[in-house]
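Chains: A, B and C, in written order; residue numbering restarts at 1 for each.
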Amino acid sequence: MVESNPVAGAVDALLRGVGQVMFQNNPLTGLLFVVGIFINSVRFGWAALLGVAVSTATAYALGVDRPLIRNGLFGFNGVLTGIALAFFLQLNGVLIAYIIVGAVASTVVMAALAHLLQVWDVPALTAPFVLVAWMMLFGVFVFAHLRPTPLIAPVTPDPTLTVVTQLREFPVGGGPVGATPANLAQALFRGVGEVMFQDNLWTGVVFLVAILVNSPISFVMALIGTILGGLTGLAVGADGVGIWHGLYGFNAVLTGIALGGMFVVLNWRSVPYMMVAVIFSTIVFAAISVWLAPIGMPALTAPFVLTTWLFLLARNNFRVLDPVRLDRITTPERHRAEFIRQPDIGPGAPGGEGRGL
Amino acid sequence: MVESNPVAGAVDALLRGVGQVMFQNNPLTGLLFVVGIFINSVRFGWAALLGVAVSTATAYALGVDRPLIRNGLFGFNGVLTGIALAFFLQLNGVLIAYIIVGAVASTVVMAALAHLLQVWDVPALTAPFVLVAWMMLFGVFVFAHLRPTPLIAPVTPDPTLTVVTQLREFPVGGGPVGATPANLAQALFRGVGEVMFQDNLWTGVVFLVAILVNSPISFVMALIGTILGGLTGLAVGADGVGIWHGLYGFNAVLTGIALGGMFVVLNWRSVPYMMVAVIFSTIVFAAISVWLAPIGMPALTAPFVLTTWLFLLARNNFRVLDPVRLDRITTPERHRAEFIRQPDIGPGAPGGEGRGL
Amino acid sequence: MVESNPVAGAVDALLRGVGQVMFQNNPLTGLLFVVGIFINSVRFGWAALLGVAVSTATAYALGVDRPLIRNGLFGFNGVLTGIALAFFLQLNGVLIAYIIVGAVASTVVMAALAHLLQVWDVPALTAPFVLVAWMMLFGVFVFAHLRPTPLIAPVTPDPTLTVVTQLREFPVGGGPVGATPANLAQALFRGVGEVMFQDNLWTGVVFLVAILVNSPISFVMALIGTILGGLTGLAVGADGVGIWHGLYGFNAVLTGIALGGMFVVLNWRSVPYMMVAVIFSTIVFAAISVWLAPIGMPALTAPFVLTTWLFLLARNNFRVLDPVRLDRITTPERHRAEFIRQPDIGPGAPGGEGRGL
């Protein structure tokens, strides 16, 4: 049906585009992601749909290879750009035009980074989203017609400030405090939801189910990511409010999925490698957040992108790891099966017919 | 005469170096650019000449391929570095030595970035100037012998500040206010002049004539750039004083020329692509300006460089665009003519004898 | 003995790892570097040893090519990461775990950057250390369990501040003031010591002896670097306290060694090239320091890395320079001798058996 009916084909490509936010090339996963967003916020749901539609349509109009579009590779950065602009900026007519420009730009930057990184067979990940969203957010304090929400505001770093590490929902007053099972569950599930800016436990639950539908391995890696990210935050003594709301989880989730079987074959040697990457990405999250604090801007998924690029670029010098070529990317399960049958899906092997960028 | 007389040859190379600031490989264009600068400021005129002479001489001394030098490719970053340092720093003996070091460094960085970017057949643009000028300006607040002019000073971003969007010359008092024809003309022509830091309507007029002498297409693209840049500034509600003085124009002008027939063949599909790039570069100008505000540093032409790199890197994934190989760069007019005769001047075609970097 | 006895082999690799901080692939140099650090601080000595051990062991565990490990190429970034974290953070149990994570990450980032830069035959230098240390330091103001020492604190750049340029030990009171021989000697030797954060004249002396043991040319280049760096600081009017403590020397030392015969054959044309690079790296030190001042973070050796990358990338476009291929790196002395015998050790020549990354 997807191949014969153009409308079904378009819907399929758009849903895969949403699924690709977490590397899941599966329309059902994408549909559940959309449901998860709408559960938390109708406004962000529409922003996500506008983003994925405009960025995918731009790719068609500019003549991108059809299989790449069909696999949703020109949709996921549009999804995130749409939600991010709607999340940090107040709604008005200019914002809608701004989201459209951002979604168009996300497709251009995706094509640019894919071409740039082809030299090393490394994926663009969500870097197009990060770059476009930063460029479109940094200037808003000097734009009269695009006003920030209270979620972004400049802060001068202060080494003398006392950091309160106890898990809790609010900075002061209200709600239970400390590492209670309920608070830990909030941190865990919100960490998954925050991948798409959804600060909501139930959205996190739906996102996890959506991943499970496509890949049990990715589901486990997302869980490991959000747990290990939160624990790293607790270990270094990060702000307990931030951890509670999942801020120390979302980069860790993406890093866990990417290095847990997606771009490196899953085995007993790649798991500790993935875990170091998850811990490092969490530290990098704090670093980039502080770096951008004087201009009041968010780290977005830059910590995940930076960490995963480094851990993927390094893989060719590490004999214990088995890389997966970009044009053979499917699911962690199939990578394992194929690798056992024919252990040459790495960069040196002849061409496949997978995901492609 | 240029080939037989070494002095004429040197003057020709230097003038082409000035012309290359806006991609015009033409000594007459370069001469008119120099005239335009001197109209506004004798001091900046001498700084430009010092910059182009030192950077070009450095290229000779280090053994750069002669055709590249003759085409002015090792002059334009020196021009801009010279003017920028003279623009933001107070004149004294140390400054003159500092400009010489900067012009030498601009030639090294040009050679470095040209080599780096060769992998993707993407030009260095004015990135050598941006990098060298930033490195030489960032430190001046801690240098007793190089003092900043009042044009650079740290500002803490403030989301609560009201942005006044009306076009006007001064922040308070004096002069007509609003989108009057006179104010729009100021914004339009100053946008072109600001490419070389010349905040002067008549300099902008001379620069446009200088471009027209070499390429009517580039002339039209410069006009589209400055107009669309200013309109983008008005649309997002940028500060009207900045727009009046052409700050929302100069990156847009360069982006318009670069993508309007210079590195991509001009046709009805590349024009909207160029227009999106111009709009994006204008947003990026505000972004980089705010990013550097806490240390009081200027965006220079970094918004143009970043945007144009991304839109050029992407072109290989977009079937509707026809790229022009770097070694076949001449003028937008000849690119169109050659492409119609022989549509293979893109990255896959055999070697030409054009500009080269 | 090193080849037959595994313990001796490991010690040899670790000492070479320490030596490689200044490109000296020699265990005796490494041993003297360790002695120099312990002379100044037992704590930093242990941090250096922990760093080199963990980063080298990580490289073994991940299956890096043995010759690269034996040459110490997976040790020097661990050394610097260990010292840097111990230098800027207060000692506690979390810090020790943090240093271990940092040393592991430094090996991953080394493998990543080596692979990335292979395209241009350019070395990673100390970039892995800079990147890892920045990412692990930027966030510490928001980590309750890792507290900064008073050496890092946010400062807002202030163009109106008067810079006191006289050489002196303390900002106010105490000690002789001005360019006395004693003060100049302090600046000179501390500039060498600061390469490893050792603000100590005698450590600088020991480091110089350590370099001399392996390469007289590198010894001279280190001296030229620290002198020219300090003079550049004096010329632009930098803070005299900073110069006295060697802050304007350490990037210059590394740049001098790298471009003075190590990655470019030493001859009368490469010496002025190296000197321009040293001057530029000193200006870049001030630039990056000011850039990071609002978040209170140190420039580390980023000025050396940026400058040397640019001057190495450029070398292929400059006919007067003779590059040395990475896989043929040994000592400046042997590069000269080999180049005279067989002038094709540059990027085009067939494979050698040198250092390798």
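By our rule, a residue touches a chain if its C-beta (ideal position, glycine included) is under 8 Å from a C-beta of that chain, and two chains touch if they have at least 3 such contacts.
These numbers come from a predicted model, not from an experiment.
Chemist: How would the subunit A/subunit B interface be labelled, same or different, where same requires over half of its residue numbers to be shared?
Modeler: different
Chemist: Quick one: how far do you have to rotate subunit A to sit on subunit C, C-alpha fit, nearest 5 degrees?
Modeler: Fitting subunit A to subunit C on C-alpha positions yields an angle of 120 degrees.
Chemist: Need the CA-centroid distance for the pair subunit A / subunit B, whole Å please.
Modeler: About 35 Å separates the centre of subunit A from that of subunit B.
Chemist: Residues of subunit B that contact two or more other chains, please.
Modeler: Answer for subunit B, listing residues that touch two or more other chains: 119, 156, 294.
Chemist: Applying the document's contact rule, which stretches of subunit A touch subunit B when the two form their complex?
Modeler: Per the stated touch rule, the residues are 61-65, 94, 97-98, 101, 104-105, 108-116, 119, 131, 134-139, 141-146, 148, 152-154, 156, 294-296.
Chemist: Within their complex, state which residues of subunit B touch subunit A.
Modeler: The contact residues of subunit B facing subunit A are 119-120, 156-159, 161-165, 235-239, 273, 276-277, 279-280, 283-291, 293-294, 306, 309-321.
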